[in-house]
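So, here's a batch of structures to check.
Common to both upcoming complexes is chain A, partnered first by chain B, then by chain C.
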Partner chain A sequence: MRLPHLDPYLRFLLLANLVIVLFAALRSGGTFVGIDNLQSMATQLPELGLLALAVMLAMISGGGGIDLSVVATANLAAITAGLTSRALFSADEQATAFTLTFVAVALLVGAACGFLNGLLVSGLRFAPILATLGTLQVYTGVAIVLTSGTAVIGFGDGLTELGGGTLLGLPYPMWVFLIVAALLAFVLGRTRFGLRLYLMGTNAKAAHFAGIRTRTIVLATYTLSGLLAATSGILFAARANSAKADYGSSYLLIAILIAVMGGVNPSGGFGRVLSLVLAAVALQFVSSTMNLLSLSNFLKDFTWGLLLLLSVVLTNSTFRWWTSRPRKEVNAGT
Partner chain B sequence: MSGLLGEPAAARAPSSTWRSLTRRPELVTLLLIVALSLTIGLINDRFFSVQNGVDLLRSSIRTGIFALGVLTVLAAGGIDVSFTAIGVFALYVTTKLTMSVWPDAPFALMALASLAIGLGLGLVNGLIVYRFRVPSLIVTIGTQYVYRGALLAFVGTAYITDLPRAMDAFGRATLLQTTTADGIRVSLPAAFLVLVAVALLTWYVLRRTLLGRAVYAVGGSLPIAERLGFNVGRVLLFVFGYAGLLAGLGGLVHGAMNRQANPFDLVGSELDIIAAVVLGGARVTGGTGSVPGTLLGVVLVVIINNSLILMGVPSTWQKVVIGAIILVASGIFARRSATA
Partner chain C sequence: MKRSVLVIGAVSLVTSGLVGGAVFAQAKKYDMVTVVKITGINWFNRMEQGVKKFATDTKMNATQTGPAQADAAQQAAIIEDLIARRPAAIAVVPFSPETLEPVLKKAMDRGIVVVTHEASNQKNTMWDVEAFDNTAFGARLMDRLSKCMGGSGKYAVFVGSLTSKTHNEWADGGINRQKAAYKGMQMVATKQETYDDADKAYERAKEILRAYPDIKGFQGSASTDVAGIGRAIEEAGLAGKTCVYGTSLPSIAGKYLDTGAVDGIGFWDPADAGYVMNKVAQMVLDGKKITNGMNLGIKGYNKVSVKGKVITGQAFVDVDKSNYKQYPF
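And then the complex of A and B:
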């Protein structure tokens, strides 16, 4: 197996992770690397990581691509799935059927939400930021209408096990995240769809004249985003054993933060799954360190922002001592 | 591209009305406002009452001040999501400092402090964007976390309701005051003048100075503007500094009108304000946008947000309706950019 190419982002993120872990392990006297702490970290990380992957896909597609509706999609998927499965099965007595229906409906709704976004962006040529801001409101709105703003509670043993159980010491959500991330890395790096997506994100016009059906690619990309968001919604619902229209409202900006810290270029055409996963891990490390040392939660926000700015500074071409090859020039705009 | 090649006059003639609309996106916004107002007015005639009009103007003040800063950044081809964090930072630090040092300080001095804080934080944005040539979305997400995190971790988390005297007085000062037929007192706060002044200043800078031309040039095409000899660094510093300046002012005015300095305020509303600017005809890709358009966009968004109760929309349906209106409005603008 070939080792992944160490681009500046990857180097920065590896170093950042190392520094944070060392600092945390020293300051906490070893508690940080204890199995309990690692497991608790691994249950929170996947939800955010999946949302960030969803944002990343939209960003790679270029043309100002962004998906602001990911959290709304996740909530709507979990809520419709919860309502449907509860109407069809008993959560406690028919746990397997309940869980399967839940997952299927959630993924279906997520794909539909993403498909609608893609339709607005590619078919009707809406600016992605406005289209997904609109659908963010609509999806949240539909979720509120369906539930009158209350939480859907109680999803049975199957989902609770998915949210809290472990396999080989690793929580199930972490397995889901790692498998999905690996699949996505394969799709982006090894398939024609991935190649075309990057080409289109780099230069939509050139891609069009090269015979790539850009509209289809955009549609597929946003649908995939919706699917990833729904997967995050399933994990969230499994962990909380409930679903609500306004869960995780602060997650949107964090997901974007993880994506851009992982080196995803908001102007399109660039972004790697591995860097994004490392960025998510780094932010989770910071957050757990703060918790462990009982520092202010707001210091966490501060450190996250600082880490992002630091990645901007240190992965820059002007710092040759750090990066061996100059980074691609990026427009200051957008 | 069509501008370079030129188009035969005959091809332009048939759709001249639509064409003139596409040239002046703020007219589209105006039409949307008129259509929406008539619809709401038909459902509930209280929409056209003096009281509602004043309410809408009052709600436009804060959004309007922030939006004009966002417009300047969008015109230069950037985006700023940190301005709400700058606003709340300036508001809270200014209020806390004034209360502990000189509670009787005149409002002008407080405004000056707020402006200075906003300008400083905005310049940091501009400096990083220019120095490291990174997309401004990345930089301002980072600084939003840093500014807000620093405020809450190091400055304080307690609400301040005991405001400095001058700030309290400014919040209570009214420009116009009348009593309606049914005995309700309606008043337009003096803070409205701040919005008017900021709008005039922004219009002057963008339309009547070389700096303004440079802003649109950089937003249109950064490499071309650079080759034409525009100082890109100065433009980026200006737009982010100016957005920060207005954010500082907007934060203070918001605090004075709400009669409290709440460190958890504002952050989270940045997307709505950016949407208002975009609905006013500025494109996220830069090089376009005008002050009248932005003000109309603000009015449109304020009408959408404020009038759902008047329309009798049940509270559970409000988000769906808001989202649908945003989608319809952006659909009209999407068609515009496709034809332009």
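And then the complex of A and C:
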């Protein structure tokens, strides 16, 4: 079989997914590939996937780029959106207006949170890890003050349908995720902005001297991260029919893990949406397999860690047998 | 060559799955899963003993699971996955009842029996099991705290999270009892949130000790609260001068009870609660009715009161230095 244009990350992830699916399908006696489990996984994955995409963008931008505030942004967006829409409309009687307001406010707040991160990083030249660690605390703090730590509850039929409904058998959250991922892949791969972002991530100085306005790119990138996080927050809220300051508090490290396992270079300049999606899928497969087979959730964390280490080892260029295979096959084929 | 090793590894993994699958197929009567807030802490390890005892007693396939991190999102994801597995019943100790409503509704819509514990406000459940009336329990802790403090002085109240309904009912039960009966006492600051984490409780206690050097009492709610408070009290050398009472377990608070940093704890036996949750689920599956005053066959649940969907026992356990060793968990 010739797989010339698959980079090592993609190859590793495809193989990992294949092994997990085979193992899980056989071991669970078919339940794993049953419609219930597939829908369950397709409902869970998007929240984490979107957060990982948000982290990925910040990483690609280079200069130690990372966004630690993604979960806090998601929750703050969902909470402010919930509070605003509830103040303006009745969740049950004006479901459409409620839902639209909710989504609009969430995205607006998410963009604002991301913009603030971008300002700190590009304008004030804060190290991204410090800037976003700070805003992580600030956004969570604001969310707790707004709610005194309690949940904002009851978002009506529109949002619950978004969280629990399906279209053509595929849950709505998965549609949202696929559309957003496709859009992002297009933006990164086919637009000037994407090209400049990768260039800047590879070498910010060279990009600057080549006339790229790096500050603007950084600002736009973090704002986009904020938007992605807010989209995740909308899904949080839709699935739980509530929003809470500490929801998904364990998701930050998992999102970073997905990004890195998906081959995103933490020092900037490289990262593919497709690899990241596959990494998210692999983690979801592992997670659901553990639950289906009633295995410990600590084993799940362990397996995730193992997958990350494996991906680092197997995609490292010192392992020639693995990384150089396609070149050999291309040669052999011609 | 290395590639072949990988292939062999993959194949053997898949084969082991096949063999294992065959063993799994011999299902017992009902598949019942208990989902706790977090795995690996003493409280829920003890609950697992109860679940296992239930499995042995009844020959049901009763197991326990829960997230490795205390996070409502992860608990919801686990239940979501379980629904696909279609167990007969799911017993849940919700981390945050509100965020689980949609997923528990989904479980019930698919015909899965849902029983909860420590969530008397849960809408999407068939029965909620409470060890005792929470307000009464909180008041009982306050009675002991007040007796120790001689009925006067400043005290602080800790909760695992401000969103945990039970923790807040205990805290408020205590605070209201103090306001009604012990006017010489004053609560300082607001309820302190510790995220069910002894280290957080320790930090909060140190902050309180710094802000109120004349503090005399603490009432904890999460099982880890008194451990964190006890550590802070010990470090400050205040073991004999302060009174610390709270919900906890002997295994967590024992060493602080010995040194006097913690004066007394109250609890219910999570093993019994785990047992009773599964028992109730089994009764629902068998089509049996649950009525007021019923005997559920476990000490403290011999004469339960039933109000709406909430089943309440009288399973109080009060413990101090003298008798904590009788409860080896």
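Structural remarks
To be clear about the criterion, the second predicted complex is superposed on the first by the 320 of 334 C-alpha atoms of A that agree within 3 Å, B and C clash if a C-alpha of one lies under 4 Å from a C-alpha of the other, contacts with A are read in each partner's own complex, and residues count from 1 in each chain.
Please note the rule applied: contacts are C-beta pairs under 8 Å (C-beta built on N, C-alpha and C of every residue); 3 or more make two chains touch, one makes a residue touch a chain.
A quick note: this is a predicted structure, and the numbers were derived from the prediction, not measured.
Look at A:D246: by the touch rule set out above, it reaches chain C but stays clear of chain B. Applying the stated contact rule after C-alpha superposition, one finds that A:F126 touches chain B and leaves chain C untouched. By the document's definition of touching, neither partner reaches A:F209: not chain B, not chain C.
Of the two partner chains placed around the shared chain by superposition, chain B is the only one that A:L309 touches, whereas chain C remains out of contact.
Contacts of A:F236 after superposition: chain C is touched, whereas chain B is not reached.
Of the two partner chains, chain B is the only one touched by A:G141; chain C is not. Of the two partner chains, chain C is the only one touched by A:G163; chain B is not.
Of the two partner chains, both chain B and chain C are touched by A:G149.
Judged by the touch definition given at the top, the superposed model places A:L26 against chain C, while chain B stays out of reach. According to the touch criterion, the shared surface of chain A, contacted by chain B in one complex and chain C in the other, consists of residues 148-149, 249, 296, 298, 300-301. Those residues of chain A that touch chain C in the complex are listed here as 19, 22-24, 26-29, 31, 34, 36-37, 39-41, 43-44, 47, 148-151, 153, 160, 163-164, 236, 239-242, 244, 246-251, 287-288, 291-294, 296-298, 300-301, 321-322. Looking at the complex, you find that chain A touches chain B at residues 64, 68, 120, 124-127, 129-131, 133-142, 144-145, 148-149, 249, 253, 256-257, 260, 265-267, 296, 298-306, 308-309, 312-313, 316, 318, 329-334. Chain C makes touch with chain A in their complex at residues 2-3, 10, 13-14, 17-18, 20-21, 24-25, 33, 39-40, 63, 65-74, 76-78, 80-86, 96, 98-103, 106, 110, 161-163, 193, 195. Against chain A, the residues of chain B that register as touching in their complex are 76-79, 81, 128-139, 141-153, 157, 218-219, 222, 232, 236, 268, 271, 274-275, 278-279, 283-286, 316-324, 326-327, 330-331, 333-335, 337-338.
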